[in-house]
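In the two complexes below, subunit A is the common chain; its partner is subunit B in one and subunit C in the other.
On to the complex of A and B.
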């Protein structure tokens, strides 16, 4: 794997550049897509119907990071019907009353990708572990409690139906599109069958089908021709040719207006910022630059690190009080936001960065 | 100047010795300072789309810490809209934001002329 794990491009290599970049892009998109998280779903013991098969009320699943809780409900339901509940209880089961929370009492939102729910729990645990000097237990399944009655509708915000989740998902896709390009033409330009197909591909966990459509709206990871060349101050402005050409596949993650990014802090809130792919001097906007600008108390700026120093394997220093998780992976500080935004976004097009505390 | 009710943010209050400047304490204090953003007043401008009813007043100052969900509820109250009646809300005639996103975030990302423009419609307009 080490040979693939590079975010750097080599514009000087010429001919085979695009092919190599595409290979890496596909590789990381596939790794993101195939990422799963372990969940233990336990029915709240106080709500278990009479005559339930106690001791079996836990359902274990490796859930796809890019999926959503409402999409897991059918298999959880099947398990409960087959193994745990008797017939009378099964016939009373109403999925519209279901809701989930963590053992610690955090409500799990229907419209958050499961990977984001998991990473949010990881960073929340990191704070408690840091405060109590206990090791964080990240490898265990995320224990979640399934309630069968009395959903706190106001706080859950959406109905637990796949349809409501799909609407929220499409909203997120469009918001991401708007942040990238200042309009939602790429999404609204998809045919109805393609828009539905994106959601169906998540339901069916079909990577090829998802990217067949999503590649029309997601920027490529290929840098624009002169990205990173020092002294080129004009490159943070989108070249006008892209609007004129209007070929989405040619759109580079380095020429978007901004990258759709949310930063999640432990136990809330989440923060959105305008994150251009390139800095004023034309160099790529690195994760480190971004974090030290917006969260300087956790990621103190390093005065001696030149802005253009992209090749800096020793950049990890002990001054950072926190780390950044992207799709469950601690991301290197020199990672370029544009690249992350093309290769490690969720299925909804958003780059979610979860901030956990380092143990000292 | 009507305002929707505040969302209450749950935060874990760690009892920490203020004198202790260990990295952990510094980090937890940093998190607390990032959580406690001063609420600002954001001007939200509501615009009816299609045959949605028009509001008498369409500029409101709303607390930046409110979630978009609270904005929707406020709009429904102002319109006297029942929970069962459909109402679709959009930013910049383009998309429906996540209900848990804050007015602060949306304003930062999508403000037009110093306003956050919220379009509302009785039928699904932009998908």
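On to the complex of A and C.
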């Protein structure tokens, strides 16, 4: 019923039967979906079987940010069998023993989206390599060691299978649904075929199929009519895609109960707090306000942001101690959490914000 | 539902209450033996933990879980006193955690079971230990990574990272907790309770709910 039609005309036409997603929302969702990260997957040299074609044991891939390591395993396996291993070694290859770690020896979580693994590594490096400018590391591949044997079960517990990954993914999707609406009726309201279809669309990297289903559970970036009405002083900082209301209030990112957000700190646990889309005074909750509330030492509270920051949204002062990565992009401080939660979430519905440290 | 501060207060009140009355430090009750832990760097990541020993059930019984491989997994009637007295029975170390679920704003029960070499037990082996009550659920669907009921939105038991330690654990899904505990609290609530007493009682009721499926 609800197709994923788009329009260049905004405000979005929200009154019809089908949900029409406005052009800018679709644009950012597609940019997020099409985002890839460079990976270098190298088989641990100590575990290369005899007669392997040494020198070719690296597999390079631009992996989709929304994908998962277990979903890359079939193509890595094909490569190893076709190019690196001889027949005897290939027949002994057991994927249930595979596990991944970074060059630094950090065990990789196979149930994390690949984009999150990459960004999380970027911020860890930002702490250790204070001497380098932050964009430098982002163009380099993330070097991953693939181990073929002896998984450290005490740290891994489960082998990285697509089925376990799907279960973890669906759990995340339902939790995000709960945080947004206070229940999981939208996800559970999907037919079984649609629930399975969401995961299949990630496996096949099919944007249209994913959003055909996901648009039924993801809020619209367009504010409800009551938000952003004349007199709301925050209007001038809102992205142009959402300058006017038009969607039913129940579907707007600005009327959800909370936005599913996690803040990842370098080498630390993630912070998950309740993040309402609007502040008590009715103005949209900005990224900087959110960060300065929870990490005031890294993001000291500021007076109201100057209007000029809209002209150059990436402007940051040289004294900023830290930066926020969302889908690999350093996000402007005035970005609205609600908008980020509608346009730049991962496929699992979560807005992941990775905090890196600037060179001081 | 609880706030993070209420969770911290409830845990600390419960630990105080049961440490003082415990004659030994053996975790013989669901409420004894818990310790409070904080994250080494960041505030607001506190949780309770304890370590207990559980046993493999002897192969004597009568209850079956559906094994995904089509085999029947034997489960016998449980008697904790008999099991703990049987020195021959294989024992496992069970790390137990009570953490705060940021999504559902309630406590959540996380655990790990490992054998004498430190390797974690697979889920099908976990179910054969004395941690689990027999007939805890009707017709559960068991896979190697989750236990579900056909009618439930979330799996009852799945794997997930410990929110503070980041290590993979098994955990019981906390989404139905609030309604059940609140209902119990309406039955036992007394006028004049201090906030601390109310929170400690809330956590006791939560343990009671958890104990409907596991032997703590």
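The rule is simple: the second predicted complex is superposed on the first by the 292 of 360 C-alpha atoms of A that agree within 3 Å, B and C clash if a C-alpha of one lies under 4 Å from a C-alpha of the other, contacts with A are read in each partner's own complex, and residues count from 1 in each chain.
Just so we're on the same page, a contact is a pair of C-beta atoms (placed from the backbone, for glycine too) under 8 Å apart; a residue touches a chain by one contact, two chains touch by 3 or more.
Note that the structure is a prediction, hence the values are computed from the model and not measured.
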May I ask you to decide whether A:193 touches subunit B, subunit C, both, or neither, giving the answer as first, second, both or neither? neither
Using the touch definition from the top, say if A:269 reaches subunit B (first), subunit C (second), both or neither. both
Is A:358 in contact with subunit B, with subunit C, with both, or with neither (first, second, both, neither)? first
Answer with first, second, both or neither: which of subunit B and subunit C does A:298 touch in the superposed model? first
Applying the touch criterion given at the start, work out whether A:171 contacts subunit B, subunit C, both or neither, answering first, second, both or neither. both
First, second, both or neither for A:140, with subunit B first and subunit C second: neither
After lining up the shared chain so the two structures overlap, which partner does A:109 touch, if you call subunit B first and subunit C second: first, second, both or neither? both
For A:153, decide between first (touching subunit B), second (touching subunit C), both and neither. second
With both complexes overlaid on chain A, does A:322 touch subunit B (first), subunit C (second), both or neither? first
Of the two partners subunit B and subunit C, which one touches more residues belonging to subunit A? B
Which subunit A residues contact subunit B in one complex and subunit C in the other? 109, 157-158, 167-168, 171, 174-175, 178-179, 184, 187-188, 265, 268-274
If we count contacts the way the header does, which residues on subunit A are in touch with subunit C in the complex? 109, 153-158, 161, 163-164, 167-168, 171, 174-175, 178-179, 184, 187-188, 265, 268-274
Would you pull the subunit A residues touching subunit B in the complex into a rising list? 109, 111, 127-128, 130-131, 133, 157-158, 167-168, 170-172, 174-175, 177-179, 183-184, 187-188, 195, 265-274, 295, 297-298, 321-322, 357-358, 360
What part of subunit C is in contact with subunit A in the complex they form? 39, 41-42, 45, 102-105, 112, 114, 118-120, 143-146, 153-155, 158-161, 163-169, 175
Residues on subunit B engaged by subunit A in the complex (per definition of touch): 9-12, 14, 16, 22-24, 26-31, 33-35, 69, 91-92, 94-102, 105-106, 108-110, 126-127
